[in-house]
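Dropping the structures in below, format is structure tokens.
Next come two complexes, and both contain chain A; in the first it sits with chain B, in the second with chain C.
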Partner chain A sequence: MSSRSLLIAAAAFGLMALQGPARADVEPEALVEPVAEYKLYVLDNLDAFVGHTRDFTRAIEAGELERAQSLYAPTRVYYERIEPVAELFADLDASIDAREDDYEKGVDDPDFTGFHRLEYGLFKQQTTDGLAPYARRLMSDVKDLESRVQGLTFPPAKVVGGAAALMEEVAATKVSGEEDRYSHTDLWDFQGNVDGSQKIFALFKPLIAEEDPAFVERVEDNFAAVEATLAHYRLAANDPEAGFVSYEKVSDKDRRALVGPVTVLAEDLSTLRGKLGL
Partner chain B sequence: MSQSPAPSPRLLKLGVLAATVAMLAALGLFALTLDARDRTDAGTRLVVTAEGCRPETLNVPAGDTTFTIVNASDRAIEWEILDGVMVLEERENIAPGLHQPLTARLAPGDYTMTCGLLSNPRGTLHVTANDEAAPVARLARQDFIGALAEYKVYLTLQGRRLTDAADTLHQAIAAGDLGSARAAYRRARLIDQRLAMATGLFSDLDQRLNARASDFARRENDPQFVGFQRLAHSLFTAGSTEGLAPVAAQLGEDARTLTTRLRQASIPPARLADGSARALQVWLDHSGDPGADQSALDARERLDLRGLTQGADKIVALLDPLLKRRAPPLRQRLHDALDTLEKALPDSTTAGDGADRDALVADTRALADTLQELNPALALNG
Partner chain C sequence: MSDQPDNTSRCPFTLDRRRFLQGLGAAGVGVAAGGLGRPARAADDHAVTGAPVSTTTAQAYPFHGRHQQGILTPRPAAGMVVACDVLARNRTGLERLLRTLTERIAFLTEGGTYPERDPAYPPADSGILGPTIAPDGLTVTVSLGASLFDTRFGLADARPRHLQRMTGFPNDALEPERCHGDLSLQICANTHDTTLHALRDLIKHTPGLLMVRWKQEGTVPVVPPRDNGPTPSARNYLGFRDGTANPDTDDATLMDALIWTGDDPEEPAWTRGGSYQVVRIIRNYVERWDRTPLAEQEAVFGRHKASGAPLDGAQEHDTPDYAADPEGRITPLDAHIRLANPRTPGFEKHRILRRPFNYSNGVEANGQFDMGLLFIVYQADLQAGFITVQNRLNGEPLEEYIQPVGGGYFFTLPGVVDATDYLGRALLEATAT
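After this line comes the complex of A and B, so read on.
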């Protein structure tokens, strides 16, 4: 057992003891607007996701390896932003975003499809050969996702809980670099998760800002710390579209530096539901 | 070697002692979370092995259930409760050896559970109705958040479409293209009528968009008479686009203003059903008059009714989960009333020679009346 996990365990217990009972002084009706605005945000991102997926999968079908490789990360980022809603559909979450570890036979499993199957072909095998059926399947899954989300009444607790879920996702699978193990585009996903989490926080912040300014400040400081570390690895400081360097180039020190604020964000944001009476 | 002076033996001893105590305490806490045995696991225990769930089938009573998921496989797993393909509850990233609690509130029914690898067989979760449990709690204000938020999204998206359709209508009128203008009018008016309940919240906009000639002193010739009915009078009765451009431009502006206001509007839950019933009643007041000497409703009256019915359908769909819990028979009657009306109003722009006016009026009245039962059934007060 490492001393770090002991420290984290101790810190977690300390935090839990400090938090005390959750408060719920927020009027339920006040949650209607942020939940609605969040759905509009998700719909906008889905719209962009469908468009980017079309370009990405067409490049694969046309056998344009380099173009397909360059479109992989900028396409995924939309899914990563809206993951709290997208992953409510278990079948599509599996066919779009499952990793080889989720299957008994790994990369050879016939059910292994979606982004990570394409990633394996494009970045590990360095070819578009044989990928067309996966590309077509991805396109139809993404369209299916869009129409299901359009018809979905968003469960308020899942929306609010999504802020913490996204940061837990970062802590659990992004920092280690296992999510995009062949493309090493983990920082794109990382940014997508952070964007999605920040959006939810920003929408509900006005409801708690007066009551709990210290909490709001701490969360904003930690988001700023994460953003600052991410900014360090941008290819072009002023152009978010340019993206990030390979995750292999992120120093161990910076990987560790990300764990701190991300873990505290996940802990802090997990109290949001209670604070909002959900 | 460093030049720092060696600490005193007493300080060193104290330090070692303190470190040991802290270490032991932390170890104890960690062991508690890692190594909980059956007796300390809360609620229903489920073990996930490399092959799947043990047991494969669980039976629990309806209401709050705490599950303890034990990961007995050698890799991190996630565990989910699924209703069809929808994830109801989940725990992600449960490390090997961990015991992870999860509390879920479940309604009676059959659910499935994911059990580690996606290629593993799914488990079955039977949730049985529990007669001894307290009767279903009254609906809380929280229960309406989802429906009200979804309605706001619907209004915003429909508002955007209305604005687009109004702009198209304006262009057709400006170009003097009567055929295109009539088609664009129909598209815009259908959306406008879907929104009728919500537009009714704003009397100024409601009047500018939807007022009828009979509301004005000089009827069709009154300079205050603008909006859809004014456009329809020229496009369909007089058969001309002449002089309509300013009216159409105003309509587009009003659609924009409406969209902005709808996004900010706060609609009380009781208004959903009441407002829909009221919008249908307004239509009945004008078109359902038993004294009117008409054998069939004209195409525009039917178009309006189609929009109103679609708007009511959205409301009923939003309240459906609550009606399922609180008033299943009323829910059924609402769906029946909507089905009847929607079948009687085919998507057609031709005049209503076939539609039986009396039957349509009766069906509309039935829907409006059934909608009025909704608030008492959900214990909502206006």
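After this line comes the complex of A and C, so read on.
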């Protein structure tokens, strides 16, 4: 059995645990393949995430400030894409991605670790001094995450709900620029969340496209509107790797222009579970 | 208690005794139910978290009419102003926004039952008032800011003549995040939760069309019903009755002259039946105020604190006679009410309709309260109204105790006359190409 069909079988098993009657016309079996595809997507991203985290944390341990700074955002992107799954492990989500606001003592809190602690050192304090322990901890947390996700049965409701959850993330913390307050690399995270949401939507779209073409069109239009605004702020139009300008450079007008489609997406995607009978 | 009618008591003992009995009446129910001296029964425990009861939940103001509600409508106990930016990208989006607001406000102010949805979907409503909502005296008043009349929607040529971006006055310390907006929603109701419910409904129904820019909630203290005589004006957070000298809202001719825009031939025709709305978030330094001698407080306003009467009068609604006091020996020349309305011939046209709420937001870093007045006024002509009066008030002694920190100028749309009409229809039709 290929790893792919194994995954599909595992996902099907997850579905059997589903409670209650499905309400939409979508047969539960129809969900098996997209859920399995999604798990592959997540594992691919996790694989890349581990590799990038390795480079990032090594740069910190080697005291290479500029290199570490430049690797910060491109590393996080992978996490941001799969956040709804990563968040299933609350302990790791806290140690990898919590922000200083989550702690009463803020940056000085001994429990404050992970990306944003490193961001504070690299971008605010402008040094790698004292960051090595946080870097080592991050590396081990990220590996831990990968192995836990490998063994995870993906609950379909969580997977489908992830499309909306990612847009809620964007609406709540990305538009305001509070996520990456020292590095101002919010647009990378923004793109990561949008990618992840769009992936989920694309996987399940065939199941609703016929029944609800207007809905599909509206969602796609709004994704396109978000992508178009983000595209203005890419450093190189044809090279996604080049990334984005600092969020400080995004005009208030464009921040507002993002709120519109993001809110409509959050509202529309919140019905996706219902449409699929989950 | 000071707001109790005092005309019923010739003998203070009687009054005190009555108050005592009233107090016992309210507090005594639980005791009576459980029997004196006996422990309360288990059923009584529910009373702790049972919903507080109101007799005014069914109160409803008709939505359709020449003017919007929320201007001449009696001011209820809860109100808020929410300023929004319009996110719609074109006129079609703007029309959809205005039609959606019309439809939602019509429903919310009448009350009714939300549709039930398949539980696999998010529910149709926040549900904070249950599946069936009562109107509870709700009004929602929609107004447009000067910024909406820019190039986005082709409205520039139809901007109400005096509508402009609010500018700072000498005593202002405006915080940009609490100023201006493309559109304001004034939401008022008998209870705070009814206003919040309406706000959440409106925002949920306008994704991609509206983004909240700032919001200020406020309240008005309630008084017991009175058997005779006019209800006294409610008090603001400086302890003074506020609203006493408002123009008479029952006088339709006066309202047409002072409040409703339309007579001025230089105003665009679509503005007829609307009004200029000014919102100012005015912080009050209440700790300092409470440490100010009463005589000085009264001199600052030109009114008695307890009764609300002018300094030369005895009852709240007595008319001050400034002509008899040209040097300001009784009512100082720089008293708030004397500056705001000198009651000289010809000043009538500068009168404005004030409909404020008190606000309390939290605590400043210095431990002082962030309290004040959510000042809302309506007038037919912004320049002759608020701007003229505020310019007269600049430098008044009251400024030592207050500071405007936010707000904006808006134009309140004419009313929605019937079910085929919608908010802003006349504006959109006047600018259609």
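In this section, the second predicted complex is superposed on the first by the 255 of 278 C-alpha atoms of A that agree within 3 Å, B and C clash if a C-alpha of one lies under 4 Å from a C-alpha of the other, contacts with A are read in each partner's own complex, and residues count from 1 in each chain.
The rule is short, and it goes like this: a residue touches a chain if its C-beta (ideal position, glycine included) is under 8 Å from a C-beta of that chain, and two chains touch if they have at least 3 such contacts.
Predicted model only: the values in this text are computed from it and were never measured.
In the superposition on chain A, A:Phe89 makes contact with chain B only, while chain C stays out of contact range. In the superposed model, A:Asp111 lies in contact with chain B only, and not with chain C.
Residue contacts after overlaying the shared chain place A:Leu278 against chain B and chain C alike.
When the two complexes are superposed, the chain touching more residues of chain A, out of chain B and chain C, is B. In the superposition on chain A, contact of A:Ser270 is made with chain C only, not with chain B. By the touch criterion defined above, A:Pro155 reaches chain B but does not reach chain C.
Of the two partner chains placed around the shared chain by superposition, chain C is the only one that A:Gly260 touches, whereas chain B remains out of contact. When both complexes are aligned on chain A by C-alpha atoms, chain A residues 277-278 touch chain B in the first and chain C in the second. The part of chain C that touches chain A in the complex is made up of residues 85, 87-89, 117-118, 120-122, 204, 207-209, 211. Within the complex, the chain A residues that touch chain B are 1, 5-6, 9-10, 13, 27-29, 31-33, 35-36, 39-40, 43, 87-94, 98, 101-105, 109, 111, 153-156, 165, 168-169, 172-173, 277-278. By the touch criterion given at the top, residues 23-24, 222, 256-257, 259-261, 263-264, 266-267, 270-271, 273-274, 277-278 of chain A touch chain C in their complex.
Those residues of chain B that touch chain A in the complex are listed here as 23, 26-27, 29-30, 33, 75-76, 80, 82, 85-87, 92-93, 114, 117-120, 140-142, 144-150, 152-153, 156-157, 263-264, 266, 268, 318, 321.
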